[in-house]
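Chains here go by letter, A, B and C, matching the order in which they are written, and residues are numbered from 1 within each.
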Amino acid sequence: MNQASRRLRAIFIAVPSLTMVAVLVLPAIGGLRLSFDHNGAASLHYYREMFRDAMFWRALINNLILPIGSLIVEFAVGLGLALVLTARPKRSRLVEVAAILPFAIPEIVILTLARYLLMPRGYVNAALVAAHLHALPWISPSAWLAMVSVIVVDAWHVTPIVMLMLIAGLETIPPELYEAAALDGAGPIAAFRYVTLPMLTPAIIGALVLRGIDALRIFSTVLVLTGAEGVPVLSTYAYGLWSDSQLPREAMAASMILALLVTIIGIGGLAAARKWAPRQTGLA
Amino acid sequence: MLLAVIWMLWLCGCSPRRTAPGTLTVALAVFPSEADRYAKFTAAFERANHVRVNIIAQSYTDILQAIRVQGGSRQGSLDLVELDLAMLGEARKYASVVDDLITPQARALFPDQAWAAATIDGHIYFVPHRLMWQALIYNRIEVPNPPSTWDELERFARAHPGKFALKTARYEGAICDVMPFVWSAGGSECTPDSPGSIAALTMLARLAPDLSDESAVYREMSVLEAQARGSVWIHFNWPFAMEYLASKGLSPLVDLSAPLPAGPDGRATPLGGGYLAIPVSAPHPELARQFLAWLLTRKTQTELSRELGWYGSVPPPPGSADAEIYSGFTAMQPYVRARPAVDCYADLSNRWQRAIRAVLFDDKAPRQQLNWIMPGGAYPASLEASQARCCASLSR
Amino acid sequence: MGAAANGAGMSALTQRRTRAALEAARWILSALAIIAALVPLYLLVKQSITPELETFAWPPKWYPHHLTPAHFETIFAVGELRGALIRSIGVGVGSAAAATILGAMLAYAMARGPSGRKIGFAAVSGTRLLPMISVAIPLGIALAMLDLYDQPSAIGLAIVHCAIAVPTAALTLYAAFAAIAPEIEEAAWLDGASPLRIFLSVDLPMARGAIAAAFVLCFILSWDEFGFALLLQQTNRTLPPLLYYYTTFGNVGPASALAVLMMIPAVIVVIALGPVLRGSTLATGTR
């Protein structure tokens, strides 16, 4: 069995992996090469041009702030919802469907909707005015409030994933531990603090790494909500260079900075996950 | 099994359309309601030639990007594309020469200035499709008397903060909104360090604090939606703005057009517009040529202006509803000015965009920003000399 | 459990208060989840069936005053919708089928050997590190050279969607193949079946359910995908970039109508497949 089945397994690994490499990795390498190629000579020209652009630095900083904010919101809300849904043996189907729904709806639909809610004369401001409050510039360019809006909308779409990952973690906690804690007289808060949280930590770390890598690549939320220039991140900055400014090489240079950022943080995160949460991330 | 069937249907449903001999695929920079109306307009051509015209609505930059990429392939999917005036220099590489289609009768349909922009190295690559220029769009309920000079504009902005918007996202539209200021102060793109250019950007710096916040991201359609929602009362836009507002039931009841405010050197507005080109990768170039020949007749042109409200060459009949709606555009016609047809235009435009945004949104000094656009000393007197210098200094 | 001793000291009354507060928090959070999901959806549906003036008004109308089918008529009348719909379905089905096949191969190799598992997970997490934009811009150039860029059949986009869906399919199927007892394969081997034959006639049928789930997940991934579609299908669009175009061109009504159409299949699938999805989104963790 072994000789033939080893060959089969090798083929089964090679074909899909090579497909992914050919379609995703090779173009990225090609882009890396082109970003260093100025009129046929190796040069940092496009990077120098980009570093001179103030918007690049804003994009870089936003690209660090937004994912962190988004992770905080989605984990706080996701954990809350996960606890609500697992608190009773019989789950509320309505709450469950409502909690998963924002993930089920295509991202672009969520974003279109968020834009209509948050624009200067959108529904949120209409509600504020109806309640005799001031309308707020939810998505005005370069305002801190726009960053908050982007964070909340980004989290809105992906919180259900976090919730599902944390529910899976919660379900692995043996009920005996809670029974023992109750026998010791622990209240619900103590039980959460000393049973749930420590047992859930691997699941949280695993989810944090997977979501963090994804959050760094934020693109459409910013593009649809505030336009490429409003709250620039590296993806929208590169997109703007490619599409509006017709500067493909500089766009590639910008996208390579993003790839570098994701790779560094991603490898660090995956190493952390391998250490503390091998099962949750499939890195066992 | 079912999958295989669906996949086969998909392949059969989509692929042959590319090579179907009787279909002309046209990419236009129009919005959906216009695409629908344009389809009705082309019905006559479809009937006469027993063909189908397939219209794809897309933005100018995406169309250029598409033919740029298709140009590298043996056969694309687009037979005719509409391109913005500012892109023609760049798009020339991907367009076929159409010299023989331009009969004297066809040439007489558009002003010489329009043909000059379509001619590169003595050959005509592009056919004017709709000529346009900008005017001021205003909310007549909130603003009974729209500002007609720089002073009035400044007073308006001061009195109604956030209600005047410029479309100054980082794209070509920013140039179209700012050049009227530059030109009507005596400056020009190729002389960024001239007193006129400095005066214009100084004026912008004065307007900046009261400008609508979202000016930093507004483009044609987003600022127009804000105008429709009443969050903006005044902005500059192209004639299709009136078309859009009318289709939403807002013009002439709420929104109208007026001339752009006059500066120290008078008025000015950028010539813009869609030009049609046959991409070198067009699958049906002959059919595309037939379409252009049909388009370049007085009869078709009159129909086009009537059906779609594109009054680039023929003004709306006096006394008609359109005459009121488009009055600002009719009034601006004598002040139309083309952007320079220099090879380095894209580069020049990018630099201007950054300078404009630095002055408007980052409180940077106009003079310093303008000097940065084209580094190196006083500007030459003649336009040709300054254009030559423009490209030389940018290519460094 | 040192803290539990502290808890024992807590009076019964405080405990009851804490419980009541938690119960209240639970209700509030549940209510918020329901509101956050339903109110915006209601507004979207409302916008799709009322005249645009009701949306443009200030303050906007909260419930429909006049109903109109005009926006749905507009999006159906403009020929592009049909093309985009066929294209979205075609790309979805094509890429999901291919990704499920490739994913099944990868998952099988991962489930049957430790070295396979290592290489498989490395490939899966490695490709996940690549940002869309870094791939899409140079990929557009490469596809153009192969004559696959912006084709009406969107074949180039289907290939990309297949590649980004392989990890999803592989991780969904991994558990299913791992759960198949080796004894069953051994029995088939003793009957003289080749390894490929065993995979096709023993493992695949046993993983039927997971294969269907992987296919549906990959389809939804492609149906929702916006970034690559925006950059690679500039004129022959799929539904997500078409909706982006409607939105950015200020066409509130048609945009809402298209958005309503787009979310129907996704919502049906997620509600119908709830339990299966739970397991597999965990594995991928991506949107």
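A few notes on this one:
Definition applied: a residue touches a chain if its C-beta (ideal position, glycine included) is under 8 Å from a C-beta of that chain, and two chains touch if they have at least 3 such contacts.
Bear in mind that the values here come from a model prediction, so they are computed numbers and not experimental data.
Ranked by the number of C-beta pairs in contact, the top chain pair here is A-C.
Ranked by separation of Cα centres from chain C, the top chain is B. Here the CA centre of chain A is 14 Å from the CA centre of chain C. Distance between chain A and chain B, defined via averaged C-alpha coordinates, is recorded as 37 Å. Within chain C, the positions touching two or more other chains are listed as 58, 141, 248, 252.
Looking at chain B, one finds that residues 62, 65, 219, 222, 229-230 touch two or more other chains.
Taken residue by residue, chain A touches two or more other chains at 121, whereas all remaining positions touch fewer. Partner chain B is touched in their complex by these residues of chain C: 51-53, 56, 58, 74-75, 77-80, 83, 86-87, 89-90, 93-94, 97, 140-141, 143-145, 147, 149-154, 234-236, 245-246, 248-252, 254. Looking at the complex, you find that chain A touches chain B at residues 53-55, 119-121, 137, 139-143, 226-230, 240, 243-247.
Across the interface of their complex, chain C is touched by residues 1, 4-13, 15-17, 19-28, 30-31, 34, 80-81, 83-84, 87, 92, 94-109, 112-117, 121-123, 126, 129-130, 156-158, 161, 164-165, 167-168, 180-181, 184-190, 193-194, 206-207, 210-211, 213-214, 216-217, 219-220, 224, 234-235, 238-239, 242, 248, 251-252, 255-256, 258-259, 262-263, 266-267, 270, 281-283 of chain A.
Across the interface of their complex, chain A is touched by residues 61-62, 64-65, 90, 169-172, 213-214, 216-217, 219, 222, 226, 229-231, 346, 350, 353-354, 358, 361-362 of chain B. Of all residues in chain C, only 1, 3-10, 14-15, 18-19, 22, 25-26, 29-30, 33-34, 36-38, 40-41, 43-44, 47, 55, 58-60, 62, 102-103, 105-106, 108-110, 112-113, 116, 119-121, 123-135, 137-139, 141-142, 159-160, 162-164, 166-167, 170-171, 174, 186, 189, 194-196, 198-199, 223-224, 226-227, 231, 240, 243-244, 247-248, 252, 255-256, 259, 262-263, 266-267, 269-271, 274, 277-279, 281-287 touch chain A in the complex they form.
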